[in-house]
Every structure is written in structure tokens, then in C-alpha cells.
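One structure follows; several queries about it will come next.
Letters A, B, C, D, E and F mark the chains in the order given here, with residues in each chain numbered from 1 onward.
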């Protein structure tokens, strides 16, 4: 039975990526390839992500890896949000990309920084919206 | 004058990579391309690495990036040593590679884990040698 | 004379990629770099693709390679259509991407699955249009 | 309980990679990172590889992906052996690499062909040894 | 003091990339990560690009590298403009991408050629606009 | 008939890579995959390399591309020799790798510089041998 891994994985998936991203992804692949989402939840989250260890480290690893491989801006954006969710500060996330410059060069680091910038601006906007709603 | 960046960079270079790696690299490129080593020391170490922030984060970023790009085992080995030097534990370094599996796949993660394993064994051997020397 | 390779290559190019993609590409580069399209037709199709062997294998190889390198969604989309054209089933194409997960990781596999999903939906729509036209 | 995935995965792991590779890998990481081998067996083999579908397709996908990413010659060698184990012919495996040329270029295709050549020669030698042993 | 590298780097940055790109980039990262733009100007331009040597070589290197890594179309576009700015001809730039075909394969070469085509068309349009303005 | 492309391509292949590399490669793949070498000679050399244009540009493109993709040190070494053969100077070749630093980062640039260094030393040794032979 895969129940435990699913339950544990889905909780982490929703915590890190947020309900909107999680719902979209689970629904999007429900018809074409339901097992794809299942492996993502059960293995990537339920087994790997659920291991003991510092979640802030996990998000730094994710951002560094995605910035290095390139071409995965949507996933990188999700993990920059995730980095904030697990308690990394804005400065720590920016430092992560600054640290990458000598390893991956300016073009890929610039692509990553553009994603970080976009996430920071989105979060500032939604915080301001939240404030005005009060 | 580039003096400050060089002084600050060289100290960090030697702290993280160790004197043996630093001496070898500085000497190896001294004749063919002396500026290559200068940029590495002044920019990569003297500017980027010297920024304020958690050195353990910088080494997790380095390991994640090098494991993702592949083909840089010597540099990865240096940074696994560096990770120990700045205070990351064996478990934290292994978790870094475990975390990478869902992002980069098993083949590249296996290559990175082989380097981590080699460094752990080298350090165990040199600690034992040190003990028996006493 | 390059006549044979061109004739053989163009026929395969049109069979696998479809007339619309072929016409667009041949026209798009006709002014700037006409030889680019010529090499694609004569070498990639007229020599390599025209070799003896199972065309379904060739399309699995193409999809796997493009999904692994990333950043070539338009070409991947063309080859997912091509995979259907040479007789691979929907399940076989989806299994190809599922198989890639442990080799390339979830982010790149997700990008590839999104392209497969888009092609499946386009083909379903155009089949339905064809039906209602009758 | 992970028992089923392990049992199913280990059987496939040994079938495709051979006992020698499997034993080496399981032993090598037993001390440093036992979970690494567990995920490889349970997820990569016990879940993904165990799915319904043509095993020859799975090995073509593996070879194409590893040749495209580069830097994983040991894993590529294992999968070229695996390709023979699941019934692909020498010609089909060589065609796989020939097909890759227009996608990944000559340098990476040459690296892959060198691995294929090495495996073909090793298998010819061990077959000849087997004959002379009779 | 970083004054010299900045002054020398900014002049080269504006010469190669043009004032519009330079202004946009400097402003875009001014709030989130001002040091990112500073390193780009001081190191990439003020130190590396400012070295003695043929600027046409530098732009061929840039285009070849960006086309090979993929996923950096905006930066590639900037450098195709830069290639014209430092005196490379249209034919030499197209030959650069043609030369890349056997190294990186058709899909990535096609992506690069599409960028080159776009730049050539933009420059033709702006030259025509300039003419009609007279 | 492929005669012209072969004749033209083989002459260029031998001019750029040298007779030793050419003979080895043609012989090595003669049994397993004779068409691989044929495509390399006829297409990569007989069509692409034989185009009109500056051969020094072609070698700068080759070195930049191979350094960026990584994992192709043997091919990179051949092309650094080729760069000297077509008239690039030692300084121009070193500048090519220096220029790459901000695009590909230090680890991959270091790998490329190590190859350049090795070629420079080999050529110095063989020139000295030639002198003492007189």
C-alpha cells in the first residue's frame, strides 16, 4: 500500500508549493498520466523531501539545481516561493543566486535572478493586497 | 589596485579549498594563463565568496550546482572538502545529494554521491593517520 | 549532385513533421540561411532518418534526447506528432516520458509531459473537428 | 511496507544490470548512504521500470537520455549491456546512436558510440572465452 | 576602489549591448540585487571583456557558448546585436551558427538561427525607419 | 555519389585534426559503425567545415561550444590543436577560454584551460624534440 507515502507527500507538497500549484498539477495530469503526479507526490515529496533534515537546505539545493540546469522557470518560481515558506529570508535567497554566478556564469544566473525578482514582487503585491483588504 | 580583493580572496580560497589545492592551482596556471587564477581568487573568492552570509549555504549551493552540471568531479571533490571545512556535517552533505535525486535524476546523483563517498573515506583515512602519528 | 538525398529527405521530413511544419521551416530560413534547411533535409532526414530501421525507435530516441536536453519544446512537439505518425501509441509515448523520470529528474520530465499532453489534446480536437465536418 | 517494490525492483535490477553491477552498487553505498541504493531499487526499478511496456523501448530511452546528458559513461555502459539483455540487437543499438547524431551533434554521439563499441567488444570476448571453456 | 573597472566596464557594456539594454538591466536589478549588475559591469565587462584582443572573436565566443547552453535567447539576441556592433558581418554571424550544427545538433542550432534571423530582421526594419525619417 | 564530399572532407579532416587522429578514428569505427566516420567526414567536414569563411572563426566556435557542453575533452584537445593548425595564436586561444569565464563559469572554464595548457605543453615538447633531431 502506498497510503503513507501519499499522505505524507501530499502534505509536504501543499506546504511547500502551495495549494494552488498542487491542485493545478494534480488536476492537469489526472487524465493523461495520473501516475506522473503520484510519483511526484509519493517519491519526490513522500520519500525524499520527507527525510530528516533542514528544509531550508532542501530549498537552497532545489534553487541551485534548477538555476544550473536552466529551462525550468516555472519550477524555479515554485521553489523560490517554497524557500520563503520554509523560512529562508529574501537576503538568503538572493545570496544563493549571487553565489551561483562563478559556477554557472552570468546568463543562467541572470535568468534565475529574474525569477527571484518576480517572486519577490508578487509576494509584495499580495501582502499589500492583504493589507488593504483589512 | 586589486590588492584588497586578492588578499581577502586568497585567504578564503586557502580556507575553503586547502593550501595544497590552492598552491597547485596557482602554480599550474602561472605560466600559461596567470590571469585565470587571479580572476578566480579576486572575483570568485574575493568578491562573491567574501559576501556576508552563511558559508554553509555557499557550499551547499556549490555542491548542488556542480552535481547538476556534471563533468566537474575535481571541483566537486574540492567543494565537498570545503563543505566539511565550513562546518557542514557528513549527514548534511549526504542529504544534499539525496535531495538532488528528484531534480537531476539517479545517474548524475550517483556520480555526485561517488565523489562524496571518496571524500569521506579520504578524510577518515587521514584522521586515522593523524591519530597513529601521535 | 545532392538530388537523391534531397528527394528522399524531403519525403521523410513531410511524412514525419507534416506539410505545415515543413513548409514553414523551409520558407522561414529561405532568405537568411537557405543551407540550414538544406542540411536538415539532406543530412538529418535524407541520410540519418532514411537509414534502415524501425521508425518508432527513431522517434523514441528523438523524444528522449529532446526531453533530456530541454529548451526545445517546439522540436519536441513536432516529434511527439511524428511519434504518432509512425505508429507509436499514446501509451507508448507516455511511457517514454515516465521512463525518463529517474534519468533526468521530475522538472525536465514535467516539461516533456506538458508537451505530450498538449499534442494529445490538439490531436483529439482536430479529430473531433474532422468528425463534425463529415 | 516497501517489501513489494524492493523485491520486484531488485529482480529487475539484477536482470537488466547483471548481478556483478548490482552487487557492487548495493555494497558500495551500504555504509555511506544505504537509502540511495534503496531508492534506486524501489523507485527507479520497482516502480518505473516495472511498469507495463516494452523493455526494449525502456533501454532505447535510457541510452538516448544518457548519451544526450553526457558524463555518465559507466551508467551508459550498464544500459548498453541492459539493451542486449532485454533483446535489442547490435544493429538496433548502433542505430540508436546514429539517430542521435542530428540531435546531440558528433562529439557527444562519438562518446556514446565509443561506449557501445567497448560493450560489443567485451561481449564478443566473453563469448569467445565461454566457447573455449567448453 | 572599484571606480576604474566600473567606468571601463560600463563604457564597453553600453558599446556592445546598447544603451537601452544597459539602462534596463541596471534599473531592473537596482532594488533587488544591485550587486548583480555591478559584478556584470565590473567583472564581465570591466575585466574580461576589456582585455586586449579581437572583439569580433569575443562575440563569436559568446554566441557559440550561448547557443550551446540553450535557454538564454534574450542574452543571445543581445550578443547577436553586439556582434554587428563590433564589426562582424551578417555572413560571419550566420556562418557561426552553421558551424555549430555538427557540435550541438540541429534543434539547438535552429533555436540560435531563429534568434539571428530575428535580429537581422529588426535591424533591417530600424534601418528602413531611419531612412524614411530623413 | 558521395565522392566529392568525401574527398573534400577527408582533406580538411586531416588538415585540422592531423593524420594520426584521423587514421585512428577511421580505423576505430570501421568495423562497428563505418557510417559514423563517413558522416563525420562527409557532413561535418565535407559540407559544413568546407563552407567559405574564416577557418580561425570555425575553430573558435568549436572550442567555445565544446568547453560549454563539457565532457568532451578529447574532442576539445583535437580542436585546440586544430586552432593552431589554422593559424590562431596561443594568445588568441587562451583569450577564447578567458572570454568564456563569465558565460560558463569557472569550473567548466578551468576544465577547458587545462586542455589548452596540455596542448601547449605537448606542442612545446614536440617542437623541442624536432629541434634536437636536427
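Annotations
Keep in mind that, in the parts below, contacts are C-beta pairs under 8 Å (C-beta built on N, C-alpha and C of every residue); 3 or more make two chains touch, one makes a residue touch a chain.
What you see is a predicted model, and the numbers here were worked out from it, not measured in a lab.
Repeated interface: D-E and one of A-F, B-D or A-C share more than half of their contact pairs by residue number, and that pair is A-F. Interface comparison, C-F versus A-B: the higher number of contacting C-beta pairs is recorded for A-B. Chain C and chain E have Cα centroids lying 31 Å from one another. Rounded to whole angstrom, the centroid-to-centroid distance between chain B and chain C, based on C-alpha atoms, equals 42 Å.
Touching of two or more other chains is recorded for residues 35, 39-40, 43-44, 48, 51, 66, 69-71, 98, 101-104, 106-107 of chain D.
Residues 40, 43-44, 48-49, 51, 53-54, 57-58, 60-62, 64-69, 91-92, 95-96, 98-104 of chain B are the ones touching chain A in the complex. Against chain A, in their complex, chain E makes its touches with residues 28-29, 32-33, 35-36, 39-40, 44, 66, 69-72, 75.
If you check the complex, the residues on chain E that touch chain D are 101-107. Chain F makes touch with chain B in their complex at residues 70-71, 94, 97-98, 101, 106-111, 113, 116-117, 120.
Note for the complex: chain D touches chain A at residues 1, 35, 39, 43, 47-48, 51.
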